[in-house]
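Have a look at the structure below, then the notes.
Just so it is clear, A, B, C, D and E label the chains in written order, and each chain counts residues from 1 on its own.
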């Protein structure tokens, strides 16, 4: 039995400290489970260690050499932008791949990846939703979309740029009526929301943060308008619902991401989660963050499995894992249907083809899946 | 046209909110000559106190909010006790630097005491907007604006017309002279922070009523900074006008220029206005002129 | 020269000859300091002009006037209190030093040589003013009198071709005044430059000045030799008071 | 009423500025503290008023008593409340405030607004000049005018003891007379005075008793009369030659003539 | 400062930074330590050291700006960002070698800083300092809204490693040496600047700008120069950063970063270059040890729960800075100077 290490980056003290409990809470049990049920069989044991990167690229950069020296990891579990920023230049020379939990960013969309996102970019996910909603709406005209974004972070800008690109390339499908810029904690959005609704927006996309969702929701409420909001994983229905006080107020709004939605339904993913709870001491709650952690860890585990199969359990290297990631398809069953069939390619850090997204909503006050297996369209680079 | 009026009114009200936050800067400055970099953090802290009293402990608004003000005042006092009482008479620069340490500390405290989660802030003012014809005014901002104007003129009266206000002005002018006249610098600074904390809490209530709250909301301090600079650090009532100017211009720019530029020019515009006006009036519109004598 | 309603200087005309010690006296608030400020360019007179060696000074930037050779000391203390005595006087050498920022960045070489060269001049001044023992003390911790001496040293370090002094003796006891008077005379002797002196100590003024101008409410009320001034009834009434001969 | 016993003052834990001085200011009298630059006169006053502490200084030994109470450990505000006002050197006006506001600050301890006005009027009465300037911003006043403001401000507090650091500094002769007239007036009305002064002649005129400081120590003390006749004081502080004539500044020879009592 | 009994015998001697043999020995030892450090310490510590070196350049610049010229600068991170972006753009678009693009990055930042400094023409005192906050928001706005082809917009810039004669600075150690060389040069330069007439002009303008004007100092230019130099240092730091991380994005240079830089200056002590270095070291060391310690504490006491421990770390960090400010508001260097002074006077304490 050969022991290898996995480095787990987490934001304990930075801006996303609140979701970390579920995210890393899900990673660890997956590895324990894998060690016990898969690793044992193939002769591989994995260790894992958490590092606090404060969601700060400088911190990641200063941590990384130490991680390499101390842990000599064969794979890294990353969180978000700063990890990509600080490590995308180094991983190729260090020959260690990184698997991300969040969606990808436009800035990391480069060929020959060492970084792998289980999900495409936020814009891809949004586009999948728009296509779905347009079909659901019926009719022929493009779906009129308003975007509430912010320049507080380049990641936010990236999101709306991607959607704008999609709209520009597919004028028959999506029309962006306006991009409204706000601060991280908007003072009041009534006038802005009023304006976009009068421009005929059929849906409002907010993938920045919950504060913006809450402010928009309040604006809609005070205007007496019913326009659905589409959110993403980090500011989704549950978070926004909590932030506004009651998830019932999010009735009719949506969240979209290329993973399973953490609904109450007895899905395979849910069963896997409960198994981890009962057998491997998983403490995280069944949230989007936990799903991200599960998906991410599973991708990593399956890649290691594939690599072990190829090069033998005692010869696994970061490079071999990357090879395995690029050459094998990780089937939906391998990830307990948390992800669809995942096939990475040399084109970019996320699967450019064959991805599917789930859409969740609040209906009659209950969180539930609105659609699953929604195909993610392809978008040209922006 | 009606749009324009709407943006104008809303901008003005948001501007008044900035003015209220900026008043926190000004009040602390006026009573102690300390420029408080931690103003945004004070707002968030005040917000969390309100959240804690009302949402977490479940006290009714009529009890929770006054209690929150008391707690904020105590916190202000605590800040003075712990940080500034030892520094009385030290250079003002040192005190200003302390506020930077305070900023970092309060952030940590908020994380420990209230956690990093986004909290739902209680609905203090009714959500229904005031609707006049086609003009639609958010109620919390409207009530807040009215409160701000009253508080602004009240404080202005206090600092400019009362003896206690004069005493504090003396402290802000020159700590040593104030001491030599038997004025307690410590008490003045304590008062400044109490007032600053209470005002920040009030600001938080108006800002956050019915919205969400986590420590990132402290950015409002940054947004209010140009207002304070524009008015001049000594001008309490002047902050109202500066707030209106900044708010209205920002509102209109966001509405009409952002879509053209395709970027958030509305957020940088206050800084540009501030620079322009400072070039014309180097100590803000109503700030004390620097006296240069040899 | 007027500030709002306050007329600080009203139609004052005067001239300082080369190598002359001109004293300006007058009651408090007469406009003496304002006059000095006009001369040194700190105030811009609304009317009239200041000429030095034929060239027009008024309207020039303050630091250009200094470069033209005018140095001054200040009423009260306007000394750089966080710097040591040496550094203060070295600031006086600023206009004579040339080193650019890049050369300062590469300190060793021309910049250092220049520093040392000027340091020697400064040491001479320190010796002249007898402040050797406090050379390295921060000026902020010095008493009032010593500060005034450093102030003078700083002005001297500029190697001015005209020196303005605003109440240099204030805050000194007789002995120190004597010292300072000596310094002033020495400077005049050594450098042969005109000096304009504002002072309230009549002993000093009468003894040192070649000529005296008396201001009151911004107007010249008398001008003449010390002896003439002492007899002038207008001056006695406005300024000296009976018994202060 | 004010007594200093063996007081030592240290700045920043290293600079010993006052090295064990003792002095007494009796009730209703005027005491002058004379001495050269850097002798420690201002430091002594600051030690009494407690201001020293904000300059990173400390009274390290000895004690200061006022009206039988120890005040060397007291807060500056308490010292002022007990009736001592310190007029600091350097005309520390509150620059952005008007003359009247400056004076009002001085009267801040008065219990009611009416009492303050009354004091204000009496100060205007005593210092006519200030009444004329009352709405001017003090930062722009001339040096002498500022000096009047700070003295007026001290009077506003109605203190038992006024300590004035160099009241004549920068004043025109006529004005010095005026100020000292004022001080005499104050003294006559029962206020005790402790004056630090470089203008030895006028100081000794008003003072009952004088101390001469050098290098942080008291080197000479005596009744004003005595001091005036002391040979050294005459030469070094009054600038008189042996015959009692004032020497001309032009005639001073350039060498170190200073005779030091100590170190 | 010399111990008792040592006197300067010449002006050169009096001005020298290092006056006794002991100090020389200490300095040489320190430099040797810096040089051999990568061979002794583990890579994590080397990385931290590299980080500290980069910060040191930025903070030394801030020290000149703030500690000497008295201008609080809230835009230092933005200036650093300008340097990083300029360097990145030059290296990518024009293929400039690093020894050209780094100084040019510094210059770009210097120009940006100078423009803000020029507002000293009209704006004075605290108002001037606070206008630098506009630098932050302008920088952010411009990078995100200028054409993507210039500075990459929201995509940021990705750099190739610095290269010279076919050697590329990829390894942690090589980057460390690159930064060490640059930082040493910059720090030495800083000592030169503050001892020259410019340094004195900065302090003079800070102390009393009216009087310094009347001493022949061009006040506006001096203030603007202070910003220029501060920004130049920030720019160099940013340029090194660009080659270190090899990816530049706006969110690496936020106001909060500026605030930390200021905290470093304060902890070290205003008005001392050495203080700036000490401040960087202390804060960074504390920060890094917390980051390192955190996960182990959680591993030891899982019951505590990660977030609580980490939040407490934040409080600690803030508390330490606040404690510094309360008990040593003038920074560590001030304490050190007092110690030295008593040593100099020893054995005669007063």
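Criterion: contacts are C-beta pairs under 8 Å (C-beta built on N, C-alpha and C of every residue); 3 or more make two chains touch, one makes a residue touch a chain.
Since the structure is predicted, the reported quantities are computational estimates derived from the model, not experimental observations.
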Intersection of the contact lists for chain B and chain C: D, E
Where chain A and chain B overlap in contact partners, by chain label: E
Of D-E and B-D, pair with higher C-beta contact tally: B-D
Mean-CA-position distance for chain E and chain B (Å): 31
Chain centre separation (chain A, chain D; CA means) in Å: 75
Intercentroid distance (Cα basis), chain D paired with chain C, Å: 27
Length of the line joining the C-alpha centres of chain A and chain E, rounded to whole Å: 37
Chain B, residues touching no fewer than two other chains: 90, 111, 115-116, 262-264, 267, 292-294
Residue numbers of chain A (touch at least two other chains): 13, 17-18, 151
For chain C, residues that touch 2 or more chains besides their own: 33, 42, 74-76, 78
Pairwise chain contacts under the document criterion: A-B, A-E, B-C, B-D, B-E, C-D, C-E, D-E
Chain C-touching residues of chain B, taken from the complex the two chains share: 292, 294
Chain A partner contacts - residues on chain B that touch it in the complex: 3, 6-7, 10, 13-14, 17, 111, 115-120, 123, 127-129, 136, 138, 141, 207, 210-212, 214, 216-217, 219-220, 223, 251, 254-255, 258-259, 262-264, 266-267
Chain C partner contacts - residues on chain D that touch it in the complex: 11, 15, 34-39, 42, 89-91, 136, 140-145, 147, 166, 169-177, 198, 200, 236-239, 246-250, 252, 254, 256, 258
Partner chain B, residues of chain E touching it in the complex: 70, 72, 119, 122-127, 130-131, 133-134, 137-138, 141, 144-145, 210-211, 214, 255, 259-260, 262-263, 266, 270, 307-308, 311-319, 321-322, 324-327, 329-330
Residues of chain B that touch chain D when the two form their complex: 88-90, 163, 166-167, 169-170, 173-184, 234, 288, 291, 293
